[in-house]
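In what follows, a structure is listed as structure tokens, so that the remarks can point back to it.
Naming follows writing order (A, B, C, D and E), and every chain is counted from residue 1.
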Amino acid sequence: MTVALFLIAGLMLGSAGVALLLRNLIHSALLLVASWAGVAAFYLWAGAEFVAFAQILVYVGAISMVVLFAVLLTRQGLEISRPVEPDAQWRAFSAITVGACLAAVLGSAILSTKLPAATATAPTLSVKDTGLELMNHHGAALLIVGLILTVALLGATVLAATDKPQKTEDAA
Amino acid sequence: MNPSGNSCGSFPAASPFAPVAGPIVRSVTDPFHGDLLEVSMGPQHPSTHGVFRMVATLDGEQIVKLKPVFGYLHRNHEKIAENTSYLASMPYTDRLDYLCSLSTNWAYAFAAEKLLGQPVPDRAQYLRIILAEMTRLVNHSCLVGFLFNDLGTSFTPLLYAFREREKIIDLFESLTGSRMMCNYQRFGGCRVDPTPEWLEAARKLVENFPRFLDEYERMLTGNEIMLARTQGIGRVNAAQAINAGLTGPVLRASGVDYDLRKVDAYGFYGRMDFRVPLGDHGDTYDRYMIRILEMRESVKILAQAFRDLPAGPIMDPKAKQRGHRPKAGEAYGRIEGPKGEIGFHLISDGSPNPYRYRVRPPSLINLTLLEDMCLGHTLADSVVILGSIDIVLGEVDR
Amino acid sequence: MLGTGILNGLAVTAKNFLGSFHDPARLVTVEYPEQHIPVPEAYRNFPFLVSESADDPMGTLRCVSCLTCEKECPPQCIVIVRSKDKKPDATGKAQFYPTVFNIDTSVCMGCQICVEVCPFDSIKMDKVFEITATNRFTELLLNREQLAKSNAYYHQIHPVEAAEVDGRLAAERLAAEEKAKAAAAAKAAAAAAKPAAPAAPAVPAPQTPPPATP
Amino acid sequence: MSAVLASEPFLERAPLELRDAVVQLLPAPAQWLGHHLITILAVVLGFSLFFAFTTVAERKLLGRLQNRLGPNRAGVPKFSILPFHLRHKLFGLSQPFADAIKALTKEDIVPAAADKLLHFLAPVVVVAFSLMTFAVLPVGRHLVPVELDAALLYFFAAGCASELALFMAGWSSRNKYSLLAAMRALAQLISYELPLILSVVPIVLVTGTLSTVAIVQSQGVWSFGLLPHWFVFTPWGFAGFIIFLIATLAETNRSPFDLPEAESELVAGHLTEYSGFKYALFFMAEYFGMTALSGLGVTLFLGGWQAPAPFLEFIPSYLWFMGKLVGMLVFFIWIRGTLLRLRIDQLTRLSWQFLVPLALLNVGNAAFWSLTAHWSGPLNLVRWAIALALVVTPFLLLGRTLSAGFAPRTYRYAS
Amino acid sequence: METVEQLRDRLLARFPSAAVAAVTNPGAAAEHSLLLGAAQAREIAEFLRDDPVLRLDYCSNVTGIDWPEKEITDTVKSTVPDPAGGPSKVVETKTVRVEPGYLEAVYFLYSMALKHGPVIVRLRTANRTDAVTLPSLTPVWRSCDFQEREIFDLFGIVFSGHPDLRRLLLWDEFVDHPMRKDYVEPDDYEWEPTAHDEVLVRAKAHQAAVAAAAAAAPVPVVNPTSSAS
């Protein structure tokens, strides 16, 4: 079983990494979608079907559209590569420090949480229970997430559209 | 000039002839709009009727400017007519509006008879009315079929309309010898006398033509999608239509009571009792409905004409068969063709060839307001508006 | 109520669908190579030259190359070269005949004005429409031999019209013979009268003209 | 499993018996693999043949709607090896194979400026995902390719990737009009995804499960021995079914909503730059989508493989499913032969202002229905009346606002 | 409907400085027309459209006509009294005069409001070569828009004040005006869209002939109008 685990992890990390390196925004957006699919595959491997299908439905179905629309509406998709300023010394230094702080915070969080020992079998949760659980205790969280998503898209579009005049001269 | 600077701007906004169609066009410079997208539709395009090209400038979905381009089917029909005899131009008039050759023949014969001062016997006058009204049925059923094709049905209404049209076209073939290129009228009468069987078949066919119209109206006139796609699209008001010289169903859809069969009462239309339907909104839906109602009126005219068809010669005995040399002078004859007023302006200088031969093309002149109708609508609407004007490129480009 | 228009539309198409199985009016397809739509008698496509007898078409062409059709043809697609000598036609009268009679069917539009203006009923409209050619300059240019077809063929494709034309031609031949006989009789009488009265130069009463035949 | 199976009539067991017989032939370790491979093969082959004959059925049915014969020319070549030359036209049944061969032999042109990878990937993704949706459709009593607890969610998860493929097709062709058309098609798909899922929610609410097999079983009850308990015969079920139909038409770009392909001014929409077999793949994906969604509609609303009456149970269950599926496809083709096309803004307005509110109300109606399940006798009539009112009144009100200002007109005549 | 003469007098009364003349139509149709001077043509047109009695709100047809120069030999019969007192002889003196050519636009005006018949208005240009402008009546009747563009395209009359004067039917690079009587057909082989092989062969032969003819007759026959537009 662990072979599948490593395979899925490799797929997720690989696609995320390549997405960072690619210059073509659309390609990297699509690779991002592949990494989300990897997360869903991970859930399937763990046996949580409901969460896996929800993940695909929400991420691959909707959020990928949000990302792609945002990319298209803001014209960056035209591969007009931004002029890369000469690599000043202090910028590299500040990047490393920020990376290090972030790693420290995440590392401490992971180490401090007591992961429960792998229980013999995953608790078989029926869809009905997850539904009840979501709606009763985590109802508010669900609504907020929905709100954030729409705000994100609208914000991206408005942000991109308004600074358009400055954009048009160098694009022309 | 409205912001898009197109030709319809030659009228100040206040004058009654300013464009009224569609919501007022946004100024195209506000930040939220990208640059204008120029789309050239045609001449090779599934929904322009023949080789017609429209260069539409789109602001997002809305049309801001629309320039029709003509000339792809230009054969200089008038120069050819100046180099051949009067009789030899008759078969060429079939090729002007190739959907209604018999009414175009009549228009040319009418103008030439006016030039020659040639009387026409009664039976020929009645035959001309019968064939012109049957051509109106053919043309309107074709038009209505093509209009629904532009609206996006997969050929069903077009094939129902063509099923009826084929029956009438077969009658034309058994009378004149050719389905669409009839070459039937001559100066002073008609060429072939229909047999009693032909008249009986024609009468029976025309009698149950309304059954097809009822089926058509039941299928499409109340259709919600049809209402949504055509009502309020491409509006033209009466003053604007008159000034732009629109004629035929397009004009009557804007509520102008002007039908040459009533105004000039040429031929024996004076004896026919029929009504002229008028629309109130002048939009695409009205233009469709006016044509359906006109078909019903044509059926009434045909019934009366079949009933009163007299016996007698179909050709004036004193009429020359060929070698016509009209005295110097000019004449302008016009009739109510299915697409509008089709007229022939003939100038002769006594020689066997006409000195000047001018065709007044209703299709071309009805396109004058195409841009005004499309302003503010989407590209999908412009296709429907073009379909509702009913143009035939043979007549537009001549 | 929203939707009734659409339901009506569906009802009409359903009626047509069911109708297409039993009502011939609702199924109009003619499967062309196997079935043919009957071509009406008045149908016209390209002209052909009528010859009296089938076995010697060139000899018995009705056409006397009067060039009227060549003048009147709108697209000017007929080319005729008149013969030098004359040859007796059906009524025995010596007439010219066309040595060359070409019709360029790639230009001809089948408007039958040549048939209309031909005073000798020598050119009629054919009904052959399944024409294929590989080269439009030579194969569609039909010469005299390809155009000539017998009067029997004309009767076959346009029965009513052919009968009426033959009736008229026969009447004219009859009239021509009568006139010829009457003229011959008048000449004979004049010849007889002349020797009888060389001596009386008085002005003889004017010969009553032979009865004008209708 | 085999104990329950034994009591079934032979025809019911036949497909499973066949599969088990084939699996026995394989060596022991490969049997598990063989078992699943056969199911996959059955699903893919079955529905591909179904697709092939749907295309020819569509063209013949449309023909008959339009007073003409459908295709009947493609046939076995005259000098074929068949001993007796049956009327070699085969009534057009050989048309789909002729189309397939034509699509295969057509040259596959990829525009120079195209983004080669995405251009190739788009048809693959769209066909793969639309084929995956068949996994959860219960074709017969025991014929379920995969029995999942969250089957409905899986169905929509697999179905939603088609938007991605559509975007990839539109974007990779590097053609201004195909990008414009892709954007339009996306707007249409996204605005109709909502009513589609909302029309399914009442079913989940009433049955309490996402598994399609359980949903079909819950519709297996007949009252008075004759009236089946299919959800379409309940007021909220009927409204849900109608919304589901309209949304399915939009999701698969079918007749009144076939904006992207048959758009008269964008000509072939996002498929302009595709030709040859890639175009045929898009075409195939559209049909798979239509068949899958109709299959889901049959499963949820028309009682899946349930027979309409107990005494008709002798007919095997998969024939009932196929019959209903064919019925729905015929309805789609009938719609395509009749209705006109909507404009893009009317289409999205129809979804957001008409279908989504009605679907939300329908969920409320289903909630009321399931809460009052215990009412009996006269109370039942009240329950039906309220449920019907909850469906009809909003329909009339919203219908009036939607068609405000549009009505057939009467015309005056010149004096 | 007034006759052409009454109409002319009304117009002269209304526009004293305008040149308005009646042109009789000798043909059987006998529809006579009004010849307007180009100067005040547009005001007269607006008057014709807005006058409550006429209300000619519909311009049905605009025809362009080309009248090239023509020699007219009008013979004058005069009786010359014989100086010797004999019977007076009838002497025919033939005078040959060249009538200057001009381009003409004929407008057919109808009234849809009052439903009365054609008033035919003619506008003539000064000559056929350089002074070929006429006032456009499109601002008065928009139906003249395309028809005037067609006349500009096929005859060469330049309509001043037309909102969008371009060639209607022929492509913009076309130089000549085909409907003129003295139009010489271009050697159409150059315009052959698909110059496939045998057409090329014929074209070469044709051009060779043209070159030979040009060499033979050094004075090239310049088409007078091709330089105009």
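Here is the rule we use: contacts are C-beta pairs under 8 Å (C-beta built on N, C-alpha and C of every residue); 3 or more make two chains touch, one makes a residue touch a chain.
Model, not experiment: these values are computed from the prediction.
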Supply the minimal count of touching-chain steps required to go from chain A to chain D. 1
If we look at chain B and chain C, which chains touch each of them? D
Taking mean CA positions as centres, which chain lies farthest from chain D? E
Centre of all protein Cα atoms: which chain's centre is nearest to it? B
What chain is the most remote from chain C, judged by the mean position of CA atoms in each chain? A
Taking each chain's centre as the mean position of its Cα atoms, how many Å separate chain B from chain D? 44
Any idea how many Å lie between the Cα centroids of chain D and chain E? 68
Suppose each chain is reduced to the average of its Cα coordinates; what separation in Å results between chain C and chain D? 63
For the pair chain A and chain E, the C-alpha centroid-to-centroid distance in angstrom is 76
Where in chain B do residues touch two or more other chains at once? 156, 160, 163, 219, 221-227
When you check chain E against every other chain, which residues touch at least two of them? none
Residues of chain D that touch two or more other chains: which are they? 65-68, 337-339, 403
If you look only at chain E, which of its residues touch chain B in the complex? 25-31, 57-61, 63-65, 106, 108, 112, 115, 118, 120, 138-139, 141-147, 154, 163-164, 167-171, 178-179
Interfacial residue positions of chain D with respect to chain B in the complex: 62, 65-68, 176-177, 180, 255-256, 258, 262-265, 267, 336-346, 403, 405-409, 411-415
Can you name the residues of chain D that touch chain A in the complex? 115, 117-118, 148-150, 153-154, 156-158, 160-161, 163-164, 167-168, 171, 183, 186, 190, 193, 208-210
Can you tell me which positions in chain B touch chain E when the two form their complex? 7, 9-11, 17, 70-71, 74, 76, 78-79, 114-117, 242-247, 256, 258, 263, 326-332, 334, 341, 343, 345, 347-348, 356, 358, 360, 364-365, 367-369, 397-398
Any idea which chain B residues touch chain C in the complex? 84-85, 87-92, 94, 156, 160, 163, 166, 170, 173-178, 181, 183, 191-192, 215, 218-227, 321-322
